[in-house]
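Let me give you the structure first, and then I'll get to my questions.
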Amino acid sequence: MTGRLQHFRSVLLVAALAGFCIAGAAAQPAPTSAGPPDPKLVEDLVAAGRILADHGLLDGWGHVSVRHNRDANRFLMSRGLSADLVTEKDILEFDLDSRPVDTHGLPMSALFTERYIHGEIYKMRPDVVAVVHTHAPSLIPFGVTKVPLKPMYHRSAFISFGIPVFEIRDRAGMTDMLIRNPTLGHDLAEVLGSHPAALMRGHGAVVTGPSLPRVVGRTIFLALNATLQAQAMSMGAPITFMEPEEARKIEEREGHGLARTWEGWKRKVMGK
Amino acid sequence: MTGRLQHFRSVLLVAALAGFCIAGAAAQPAPTSAGPPDPKLVEDLVAAGRILADHGLLDGWGHVSVRHNRDANRFLMSRGLSADLVTEKDILEFDLDSRPVDTHGLPMSALFTERYIHGEIYKMRPDVVAVVHTHAPSLIPFGVTKVPLKPMYHRSAFISFGIPVFEIRDRAGMTDMLIRNPTLGHDLAEVLGSHPAALMRGHGAVVTGPSLPRVVGRTIFLALNATLQAQAMSMGAPITFMEPEEARKIEEREGHGLARTWEGWKRKVMGK
Amino acid sequence: MTGRLQHFRSVLLVAALAGFCIAGAAAQPAPTSAGPPDPKLVEDLVAAGRILADHGLLDGWGHVSVRHNRDANRFLMSRGLSADLVTEKDILEFDLDSRPVDTHGLPMSALFTERYIHGEIYKMRPDVVAVVHTHAPSLIPFGVTKVPLKPMYHRSAFISFGIPVFEIRDRAGMTDMLIRNPTLGHDLAEVLGSHPAALMRGHGAVVTGPSLPRVVGRTIFLALNATLQAQAMSMGAPITFMEPEEARKIEEREGHGLARTWEGWKRKVMGK
Amino acid sequence: MTGRLQHFRSVLLVAALAGFCIAGAAAQPAPTSAGPPDPKLVEDLVAAGRILADHGLLDGWGHVSVRHNRDANRFLMSRGLSADLVTEKDILEFDLDSRPVDTHGLPMSALFTERYIHGEIYKMRPDVVAVVHTHAPSLIPFGVTKVPLKPMYHRSAFISFGIPVFEIRDRAGMTDMLIRNPTLGHDLAEVLGSHPAALMRGHGAVVTGPSLPRVVGRTIFLALNATLQAQAMSMGAPITFMEPEEARKIEEREGHGLARTWEGWKRKVMGK
């Protein structure tokens, strides 16, 4: 009888644990949707990814997101897919814990592993409307050396506000270098602070902006400035960088505006 | 009564000021047109922009202009649009104060902000028929260092005539670095002087020529020479630059002529 | 009679020698086929070559192979053809001596001369499922200098396991530098040892992997790391390379997985 | 009467001079044709130009020629036209003084100015079957510095035979740097001597070969070696160049053969 009782208690325990797990899961139901986003915003999000892919700045792993137009606590990003292959139907909604509202039947493995980059930045930076995670090759050498990126080209003026380098070892020791969870996302967001972008050592960069055109432009001109700065450095002569006041004046004009170029870029990648 | 008088005088003053302003605006009516330009010239202007875009030398902001064939006091340039998207219907006429003859209903914000570059150069340089403003990446490192561009490649012979660097700080202190008004355009034209081109620190360059093919060729070979010179410098051995007399002989032959290549470039960008 | 006998014996000897030669040839009949390979594997092999050609990493001579899915003693590789022109019907089966099972009527000269690279590596490395031989330009400078490739970019983590340099002179003295026979293939495989890849001085590299997507990814990121390392070196500051433990963690995750990017790459090169 | 006589004598003088000029022209009738060339050779010549243009090695001015298959004293080359626009009907026949057999009604200005490069090399080098004149950018830095090109990449083995630099100043002082006449062509051919190629300071290079595929391959791998050598030099470590015996063995195999790659290159540029 003791044996049977024990058996019974074991069964109960297992059932209880299972119940707890189910309850645990139930404690985190899928977040609610903020409702359908502005179709123009979704179209721009698709375009943003394709423009960056067209510039060689997004590969199979980089991604771009935008805050939901109806709810600052939701953001939009594609499922895990090369940016140049994304269409409107691949766009999903996430809460700021980077949990999808509805995966449309996709397994969680079909999402970008590093989606936490986006959610954690949106949490800490109410001013940020759009985020890019890029592996732009020209940025890598600056991330692995102590050479600071400095603004050298007028459209890269925002670099004047400082581009910190995120060293994942300082936060988490030996890792596989991906931002695999909210904690690492939070660490990265802390290093980013109030800056427009941060390099990630041996990995790439994260870039933020107050709109999709701005974050796309910043990504393009961050990478271009890195190329130009390396070339100027190789010439062995002192470099005249931009003065902070020059940079401030340019940023006041939204990096000189991007509306015209944005329309041009978009026409090229979205077809006729 | 004094109060009423004062009020009345104030009203008069406001009215007078308003009248003055209206008169001021009326004092600058839209410039008159020189009449329809040669359709071939317009076609070549469209082609020039597309050729430079195809070479990666014009982005969403660079522009090319040409003097009107009927009137040396007018020039033609597109509305604000990426050069590779421009068609004949986007070409507008400007006077040498860079005021549009007719915006075809477009707001002034739809024009290139930096159109003053063109007007002010045409004013000071009667020999100039075409002007390019480019952000060619290879030129930026030369603009921010003290390293002078020197002619190293035969088709870049015109560099022998000198390529000054325009430092906007020397003229206007802290700015957003754009040529936003006639004064800055005039300053740039003064630094350009009688040279074929000038670099603009941290911004790009302006290139001039006696025809559209020449200015397009000069822009291409200015940028190419910069790339080649940087590469040669990195090899750490003395460089044999062109002698001024070699350069002079080449320029006498119009930079070796460009008619053949111009036709080839044009065929490629204008479709069959 | 002795003369006739001698003559007779000579005839016999000649016949015997001829028979021996025939038998010798007969001792090496064409290897037997392992049967038709998985069509998906053949499609992936074609795609692998086109993806690498699309990345500028295979020219008219580079090649990619994969072990046969039915028999570890057979591998599949195209006839001698530029990778971007290969279709399924160009794929041939080889044994581990790099002898074709059936040339489909092609002369031996229509095969890749350096097919021995593949067979000899498959012999010595049971863990290897796919092999690439590339002439990637960015790798050549590392092969001709004593500068070791080190992992600088997270997706190039496998470089941490060591990339030896094969100096053909050390094995065979003065040659035309091609892996023209099994002996040279064996020599190369010995230098490769258990490493994921080896550079070949003045020639290119060989890259191995446990699958076609992995070997394609490794080839792309080996070449990219070389480009980035050279750029970082030119900046003259100390470089933070990846720690072995970081690399190990990434490789445990199969180089962060390539399934998503593989599908994207494949869609692009295989048409709609 | 004296006046009339003088007038008459003047008229006679003018007539005599005109007659002399006509006679002078008549003393150099157009050379005779060797007859229609092999259509396959013409097709390959068109393909050669397009392949080099596709590799960025021929612009609007570079050119490729081949000796006529019926007569070693004639060669074939296109009229002055960007290589990527040339079709079979643009191919003209020249004698070794670089005089066209028949311009098909084109003015002499429609021919390449520098055609003398080809004729003079064919005169002095009976072994040469095909000639390329290129402005390949990667070669320019080597032409203007004292840094010798050395073979670093196996397919560039022919560099081992020496690549002299033609300094036009040493022969003709100050010029416009073009090979405008037979004398300059002869000077260049003398400096070329028995070498496979020669750099032209500040201008480009001339490359020779025993066939169109070989000269195309040599042009591609000369330019590639220059790129790779500059990159290796920038790494600051000693470089292992190819040994002369390695190079000799490779050249014995016709630079490792190009037939396969030639077919691939040709398919790409000649359409389906």
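Each chain carries a letter (A, B, C and D) given by its place in the written order, and its residues are counted from 1.
The criterion applied here is as follows: a contact is a pair of C-beta atoms (placed from the backbone, for glycine too) under 8 Å apart; a residue touches a chain by one contact, two chains touch by 3 or more.
In this text, all values refer to a predicted model and were calculated from it rather than measured experimentally.
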**Message:** Over the chains that touch one another, what is the least number of steps taking chain A to chain C?
**Reply:** 1
**Prompt:** So which chains count as neighbours of both chain B and chain D?
**Reply:** none
**Item:** Label of the chain whose CA centroid is most distant from the centroid of chain B
**Value:** C
**Message:** I'd like the Å distance between the centres of chain B and chain C, where a centre is the mean of that chain's Cα atoms.
**Reply:** 54
**Item:** Separation of chain C from chain D, taking each centre as the mean of its C-alpha atoms, in whole Å
**Value:** 38
**Request:** Return the residues of chain C touching two or more other chains; collapse runs of consecutive numbers into ranges.
**Result:** 234
**Prompt:** Drawing the touching chains as a network, do you get a line, a ring, a star, a complete graph or other?
**Reply:** ring
**Contact pairs between chains, per stated definition** = A-B, A-C, B-D, C-D
**Residue ranges of chain B in contact with chain D within the complex** = 151-155, 224, 227-228, 231-232, 234-243, 245-246, 249-250, 252-253, 256, 258, 260-261, 264-265, 267
**Asked** In the complex of these two chains, what residues of chain D are touching chain B?
**Response** 59-61, 80-82, 84-85, 135, 137-138, 140-141, 144-147, 167, 169, 174-178, 201-203, 230, 233-234
